[in-house]
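See below for the structure under consideration.
Letters A, B, C and D mark the chains as written, and numbering starts fresh at 1 in each.
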């Protein structure tokens, strides 16, 4: 399926979506298509909104943000997000805020269809004061009081994988973050892959499978779909871009100019990659292969 | 460290131990050494006691069994266990009984240092009636009543891995069961490995690492240490032995004769393997290697 | 024909009947033995897209030999994925992804409750059975449950000695009142016939060829309800038998 | 020498001082920037067996370049293990395996509470900061916490605008009363000096070379306690500086 069709079918105005990937495998191609299709009033969930949600927020797609750390990793603040929060530009957004552990716990509960998840956290922090969804629960065995967070069950998860078969059986290596939990927690999962491989490749290393096809609603082949994020073994993180984003997002004009040139002005990721041109070679991964293991008997 | 030293140092009379591995990677070498060293009054935990705990129980090492399925997989009952429960031979044992999900939840809570774990289970079953450690808890968000089981934190976990480095960083593939949870839940972990590899092999595929050296107390090199269980990619399960065990364990005399010949009569696993002789070749795994992945950038 | 008896064994009929209950594309929590044969038979016939999950963690297994345990290495090699048991029970089973769960029982009662724990009193059992394994949570969480069990008066008591895996517990509203997420037992397949559930109670809906209502009554511990639309179980087809005998269980371990 | 000023930058001194707090074999939850430099400096000197864990999931990382984010691919390649964030927070951090957690803060108060959430009122902030990330749970669960922060009257208020990551909360018994498992902040290292905690309150224990108590008072939002055994922070050694400048941060991104 094309990214355009996947977003048309599985991301609608007002829905709750999660595009996961902790620094690694962040699917910018999907976010750009959501902007291009001018989705509105989305509730967007992510541990680290990162540049990807800064773009969605600045483009006016977002009504509510559920998160735990809203910065530009290693390069400062997210200015589009701050404009929305501090000045309501282009529109004000609601914030629902946890810590990383809290978000991980919410997605784990969602994946397991538990209504809540218990954790030893938040005592002494002001987070529960500003977020009524952080409650407490008492252990029936020890009487200890623990924190509890509610399950998070998005409408759609978008997960980028290094390789997947046409049925969506997806294999991910390098940082795996909370992708598995996000996919199992969501009603629909869109798997985007650097490579579509034959089922036999997946079956050659079953322990590498993170997401089973049975929970996948759409499979999109999108090489280089994570830039400026990265795909271990495929291409490096474009740290220069993350640093440049500081300037771009700080200035509304530059921000909109960026969207014009790199999102609205392009039909799809293919054109984005073409526009990148030789830049891409700078980021291509060098080979560093693992010791293969024997799965025979 | 030798298995003898590892058991001497980390398994003592009256302690709580878990030897995990679901059908796969069950470390019989460790159980035989525990029998040889005549440990007593152990509380032994395992989802599936299997032949390995039938041997420990029949040898008189066990005072209490914590489990969820006590059978000889695909080959009938565990008669030594039944003798202990039904006739108190060689000694009566206490049973603490859950379902698989309950045991998985107990070890997960133990690994996470949560005092309990919630699950949607046990409504309508008689298990909570005979096991007071299965309680209920009310969700602070939905008001739903869920089951809760207490954390399980053994003194020592014994985990067999296909390969580990000298610091105990262990990689396991094929069925991974609850080994990770059991290791993190325990005060000590003994890693037993088919192969001791250089750290560089481990580092060549970090996603394959299931147990980090930092929680490992002892590393034992014990090739063929799982027989009659198996090690994916190394040797097959000895199904014939599991079937033969039905006869052996059914008859107290044959059971004791087995222990004499295969446990007390041997100094260590090396002698066991020697005694197996050519039998071993029948079980050697055929090559079926995975597609290697690139971990570079 | 009928005079010289059926040309198939009771196990073969049970496997075929179980296979016919499986729909293409469903996700099945498989047990070893007859359920495993039924699933692989269905995959070879009307349900090629059936996804097999074993509680051991193997997903989309494609075993090249007949596994004698649910942790057999042949379930891993060439499978679509291997997951931890935490994932299997939390995300797959409790997560609501399992369409069909297969259960077997030493005892099953009129409400479809299964006992695999003890015969007699729990504290002083006549016979100590294996216990739940994953059966309790499968019975509670799977959308549909299929039971394969040999039938006798002892194995079909009015009430089981111990409810390991709840069926409809005490009757029609049993599951609903207790908030069990899954649908409960849908069909019980024995060596004599097939049973479905009405108001949470077992009803004989089809007799196997050559079997009689009298036999059923003799081998049931309560006054079993007979469906007014009682039919005869369809005998295994030649193709079903060929696949079973030649491909799936050539050494006749189970059939 | 002193007259023409120190031959090292405040950041270099802060990194060296942080590195000196790490003991060989400890497990450290590492942040990016100065903490990452401090850990790798310690590994090169007195703590070769230091185990680095990043909240991104990389364990035993051995980066061949200076990572600018905690999710940098160089933290994965050649690491000892990669774990899910569920494992990192549940089994490593909540599991009690983390000896030292590094935290930074936009504001830190006299009880060592850190604010990385908002300046001003939460609902209508003057400045919206990134939020907790993993800081809240690190502050609560790590056995010891080290804080590296630039010091000014604004960044050192008597009370932070928002407690993102609790230190000693309200004072000596603050953590104990609330049942926080970890030990809380052990040392705060700024561009002016090092602070430790007594009765849950920050105390100046060493001044950096060339810095004065007056400077400290001018840049602290409350009447800061001064240790009777106030010392001068040991200047970076030539070897520390060489490793920092030549090996760890040759492009001077952080030092």
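What we mean here is this: contacts are C-beta pairs under 8 Å (C-beta built on N, C-alpha and C of every residue); 3 or more make two chains touch, one makes a residue touch a chain.
Remember, it's a predicted structure, so these values are computed and weren't measured experimentally.
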Co-neighbours of subunit D and subunit A - touch as defined: B
Maximum centroid distance from subunit B, chain identifier (CA atoms): D
Separation of subunit A from subunit C, taking each centre as the mean of its C-alpha atoms, in whole Å: 41
For subunit B paired with subunit C, centre-to-centre distance based on mean C-alpha positions, whole Å: 28
For subunit C paired with subunit D, centre-to-centre distance based on mean C-alpha positions, whole Å: 58
Contacts with two or more other chains, residues of subunit D listed in rising order: 58, 73, 76-78, 82-83, 90, 94
Subunit B residues counted as touching two or more neighbouring chains: 113-114, 119-120, 144, 173-174, 176, 180, 204, 207, 230, 232, 236-237, 285, 288, 295-297
Chain-to-chain touches, reported pairwise for every pair that qualifies: A-B, A-C, A-D, B-C, B-D
Subunit D contact footprint on subunit A (complex, rising order): 22-24, 47-48, 67-71, 73-75, 77, 81-82, 85-86, 97-101, 104-105, 108, 119-127, 130, 144-145, 173-178, 180-181, 230, 232, 236-237, 239, 242, 285, 288
Residues of subunit A touching subunit B in the complex: 113-116, 118-120, 133, 135-137, 139-142, 144, 146, 148, 150, 162, 171, 173-174, 176, 201, 204-205, 207-208, 230, 232-237, 285-297
In the complex with subunit B, residue positions of subunit C that touch it: 32-33, 55-58, 68-73, 76-78, 82-86, 89-90, 93-94, 113, 117, 122-123, 125, 127-137, 139-141, 162-166, 169, 174-175, 178-181
In the complex with subunit B, residue positions of subunit D that touch it: 27, 51, 58-60, 62, 73-74, 76-83, 87, 90-91, 94-97
For the subunit B and subunit D complex, residues of the former touching the latter: 111-114, 169, 180, 184, 199, 202-204, 206-207, 209, 212-215, 295-297
